[in-house]
């Protein structure tokens, strides 16, 4: 991947992220977040994680952000006007963020793992095809032999092969979430809001 | 029958109850509650008869060792008690819930229980994350359940924001641990950490973040600040569930994670241990010292819960004692087993007072001994045990922690623990004293049902029996090593 | 089933029975009386024996090895005798008070008995703590002061004792860790002592552990400067609690030093810095508290402070460490227990009748209450160490024991003994001042009291007789301690 | 060349940015958005590590599965969270952090 | 056996009476007097026991860990003789008291205390070791406390008994230290026999004496401190005059004949240690000398009949103590070969004669007081000679004996003491001794003249009648003994008492005669026919202001120190040990509560900050610390 593109995407992600943090209007924030997530999705793609990238756009930039916007509209939440931003939280937020970023950078720079780059670690698709062949997954093996990364297939295989149980749990979790939404936000019959 | 079936069955029962609530609104809450209780009780009874073998497909992410089985039983007992307390507190709680309904308060705990039982068996970080989130998200709902109460809602908001923040930290930590070790399973992590070639800084960074995330769940300082607010605001049965069930689950995960981090030859062992000591010392102090000035007993119990978490963390730091073979995981389990009845009993008292129209403040406790001598005695036993008075269960747990710390020569941490215990005497006894004070109170009698009496009585008795005859529990927790040690 | 188990269980069962609604006075009196008889029986059985007797052990935990192990030797029996005696007197003198007075007395006594008669460090510690709760509650709820004040006193007491107990616990844990031979920890005192005999620790370490234990146990015994709780506590505590705590429970700390600290750390106690520290502290007890006692304006203050002061003499025995002194310490523990219980009991009765204990308001009471005066005199003269009452024999043995190794140069220990002897003079000063002020002189204050009925004199007569008999024949008790301590 | 380190730094900065927002913002809704940002940042780190930790020559799909679960769970969390925020708004007519300060001390 | 009766009879009699006096009532008197008579008979038998049995353990007291204290009985000439005096005078006092106390409601209590006193005194006499002596030493203190405070509702009596006990306690403080030093040095053995043996060549204490003479001096002086307290020597003499608040028989018994003599008896028993230490001997002699002179001076200006006698007692005790010192000094100079602890010590001899005539004088004064309706001021008496002839004559004999009129017992013993002082090599002792003798003659003549001669000065004196028989009889008996006790008739059975060399120096004889004549003459001249005191010396009348000085010392030192120490204890100990940690905990607790401000943003900041802190600690700090 060309470095320029990476920097562009990173800038998109972080720039819109900054806008989320600083924007006064919630709608601005939500839209910026969507944009930031889109940039992030592109970064995922650059990491050969196509499926995740798509999910990121679908679920986050799509569903979740729409949900946010929806709520903002529903509740008619205004910008934080009238209220002065107090300095202390802002300063402390910046301080914490800077320190954390510095720490991450320090750790990254101190370790050898981080210096791996995409060129040095190419995907050995044919090797993988050989290994996976035993698992009798004809379409995946075929794709791999052809030099294309069947990302969705592979992740689906992993999910359903190894993480079937976890999927069930997440399903349960979503159900609980649903129930929670009903319990917590349903209007009472005949009552005030 | 496999334990897994049991857990799935519990979750299923939870779903069924949800369905019943949704489609058969005229089923009484008592029926629902009793069904849930019956289900949990059945599961508890069946637990000892479940085999400990696992099907092959589960083995990569599931394990059934003594610790896991113990925690499963622990979760079931907690759930049972929580359900009963919910039923008992129903008249009060329904005033604050949606349309006076309570069904989800019976079904969600079953699902949470299943989640905690799975968590106890978790063998890799993915399982940990998924089950932990199942439990946490359910708790978001449960904490804010009494949504018409401003307190409950506020607690819900705080728990939500801080919980989500901690989830973020946890995932970030998982990412870095994974990055450092290339593994998601605890075994793999342990193996990689034992390898000197693994990048130490990365591993430390990941471990630190992971421990921060888990520290939030178990209320370790400095990630404990949500506890008093949330415990105080949440409906009392939920508070019990949080302080006993959720915390225990957090500790079982922490134990597993530390098993990996502190594997023999681990490159990060000493740092992690030091972190545990520092955190543990800080936690006991930050739990105990502010508690001294509390006037709300519920909030006081929340602080006490923080303090107890601190002892547990210190226990986790005392690993690999040469002579004291209740190894730290065992000490933690033992401590939690003793912590369960005393905390639950204390909250039982609070819940019963609420139902009887009293508040949760110290002044509401005044003259309790006259209102209901039995309840006063039971709460006394609970608080005495929480304070760590000898001949109650609470003392032994603390004693083991002290012994472990002394055995390792962690004098600084030991002195913090001792100071915290001393402060503990003050705030627990303050409440006990209030109960027996009679000045200036008109004392309407206070009554509660026979079953609750029995349940509370059993809890109190178990506190006392565990306090003087802990051998059976020790045998349960440490069957093999103990046998070796006895010769 | 050992007889000791019955002795320990009986008061606790009786307390439970009273709580459950059994008639308080008959049950508690019956239980304490039977208990006294049982202890006497055990003592007679023990006479002539040495070592632990009536042993029985029920394991409760395998590692660390803990067991409900009972066993008694002369020292424990003497203290058990003291406990049951004081308990009987304390329970007997309760009149027209709520049941909780009986329950508390039984619990405190039962706890003390448990502490004295078990041989497992865990239970020794645990039983003592058990006895502290009722003490705390009784001071806070039924103390003889305004609610706010008595609560403050109860808190002070509890925090001191609690903190002391925790220091003690740390010390005990340390000792257990150091002295558990082999691969597993044990709380069994005999096992620990054997290990200490076989492989003693380096002297430095012994000294450190001993010092921790000394501070821990010392706080429980109101060792200077950890004594501030004692005086207000005794002045405020309801009569039976004051009797039992000052008479019996306080002796636990000394008992612990004798039974746990000294046998495990025999050299640690004799290390100069430890010994000098102890000497300084006990001089604080004797001289500073002696002067403070002289300053007191109320009888309960005098008695409470004097009780603190007298502990100094017992600590002197520990500083000296000789067999004679230690046996004297046991004797003095017994004597002090009986005499202070007697005097607190009488003091409580006086307060009930007169409503005040201010010296400025009292005088000439002897005129109408001769029997009371005589009983009080027993207490007064016992506490100033008059021969013929037990305290003297104990003090004499402690002083003699401290001088037993005198080689012609006066060491710190010997100077301390000399100063401690001056303390004997001071105790005569404040005690006789009090006695003179209260009982002698003209009854010009308008307050006068009458003798209690004979039935209410019995507990005090019992205690006074004990003082006299064991004072004239201290060998009765000393013969129970044949082996060197 | 773009190395793993670049991704990690971007993820770290995004995480830090999110944290800054969580701390600095008073609007709970925006705070919640920032939390989502933090989760995503973690996801980026996971994906990055997954890409550079090859199993059989392929990215490690175990880690990518976790990313998948994270996104799913986040969705559920958002649902519940927004429900709670809605409930809060209904009761206080505000989503400002300043309205939840009753529990303290 | 006899000794057993001697010891136990009064014990049980005391116990019986003290604990049951309300039930016993009049029978108590009978029991007490009976026991005293039996004790006297037993003491005669004890005296007759020719075989010198040495020391035997009679009852066990303490036997633990190699520490033995027994209730021993020492049976030698000294104890036998002393026993005789104690029981004899005790018996007479008992009999006298029957009359004197017959109107007192608390009579049983009084007799109980008397019996207790007899028990304690017997114990001191029979004590075979220092610990046992200390035990009874203290018990004597108790019984004197009870007896002096018999009329406890009188404030002065209540104060006096307290003062007596406390002053004795101070003496006992030193006594105990002395005992402990000897106990330690002599390897745990403090029986008199063994201690004495330890001082001869090769004994344990002999070596110490050579190596560390200061220690022996210290021990001797500490032991002597006990005697200072009990025998009311300067500076602890203040209790004795006040003790006159007790009933007069008590004064006779304990403040003349027995209790105060205990100190002298003990010093004589322990004189080997005084002999072993020259410095101690000089100090002891000096103290005795000062006491004798000072007390005599004070006595010259007292108006209370009992107080005059009390000061004369002090003075005579000073003589005895001086004798102890002087004899030891003489022995050190080798003037006499006799070992100091042998029978026939001048101090013992004076103790013995003094016991009779002083008891008699006190009982006589008791009879006078009784007759004058408890009037004690001699200036309010007068002319009693005619009203109370028997009392007058016996009193006269006693006075003469005390003044040392030749041929009476006091003359012999006083001469023996002056002889010892002469031999001691220290002239001052002798001079002061003689001066004191003159003063004695002076104040006794004054007393005798003012009380018995002239006209009755008040009504009560005017109506005085002779005391009843039960009181007179003891007087008469004692008067006889006051005469004969100096002669061999009585002294032979009591070999212990009379020094072999009693007829000594010319100088001494003349000196004492001149002193007698000078003192008597001056008194006769001054006081004959006077109704008021012609001499007024404030210093003497106010006892050299010693009581006042003590009061100041007590106020300034003790009370102020008490106040300061109490304040310091409150502020520092309570403050630092109790309040400071509490305050710190409160501060920290309050501070930590601030963390829980309830603000969501604050919490998130803490959480984020916590993460950063943990990461910083774990990743950047700990690895560098070498963890």
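Here the chain labels run A, B, C, D and E in written order, and each chain numbers its own residues starting at 1.
The rule we apply is simple: a residue touches a chain if its C-beta (ideal position, glycine included) is under 8 Å from a C-beta of that chain, and two chains touch if they have at least 3 such contacts.
Everything numeric here is computed off the predicted structure, so don't read it as measured data.
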Touching chain D and also chain E, the following chains: A, B
Chain separated most widely from chain C, comparing mean CA positions: A
Label of the chain whose CA centroid is most distant from the centroid of chain B: E
Inter-chain pair with the most contacting C-beta pairs: A-D
Chain closest to the assembly centre - both centres taken as Cα means: C
Computed distance of Cα centres, chain D from chain B, in Å: 26
Whole-Å separation of chain centres (CA-atom averages), chain A against chain B: 32
Centroid distance [mean C-alpha coordinates] between chain E and chain B, Å: 76
Computed distance of Cα centres, chain D from chain A, in Å: 8
Junction residues of chain E - those touching two or more other chains: 593, 596, 598, 600-601, 604-605, 608-609, 611, 615, 619
Touching two or more other chains - residues of chain D: 8, 11, 15, 18-19, 22-24, 26, 28, 31-32, 43, 48, 50, 62, 65, 69, 73, 76-77, 80, 84-85, 87, 100, 102-105
Where chain C touches two or more other chains, by residue: 159
Contact pairs between chains, per stated definition: A-B, A-D, A-E, B-C, B-D, B-E, C-E, D-E
Residues of chain B defined as touching chain C within the complex: 322-326, 373, 377, 384, 389-391, 395-396, 399, 402-403, 406-407, 414, 418, 421-422, 425-426, 429, 432-433, 436-439, 468-471, 474-475, 482, 485-486
Residues on chain E engaged by chain D in the complex (per definition of touch): 593, 596-601, 604-605, 608
Residue ranges of chain B touching chain E (in the complex, touch as defined): 157-158, 161-162, 165-166, 169, 200-201, 204-205, 207-209, 211-212, 215-216, 221-223, 225-226, 228-229, 270-275, 278-279, 285-286, 289-293, 423
Complex interface listing, chain C residues touching chain B: 19, 59-64, 68, 122, 125-127, 129-130, 133, 136-137, 140-141, 147, 151, 154-155, 158-159, 162-163, 166-167, 169-170, 173-174, 176-177, 180, 182-185
Chain E to chain B touching residues, read off their complex: 585-586, 588-590, 592-593, 595-596, 598, 600, 602-604, 606-611, 613-615, 617-619, 622-623, 627
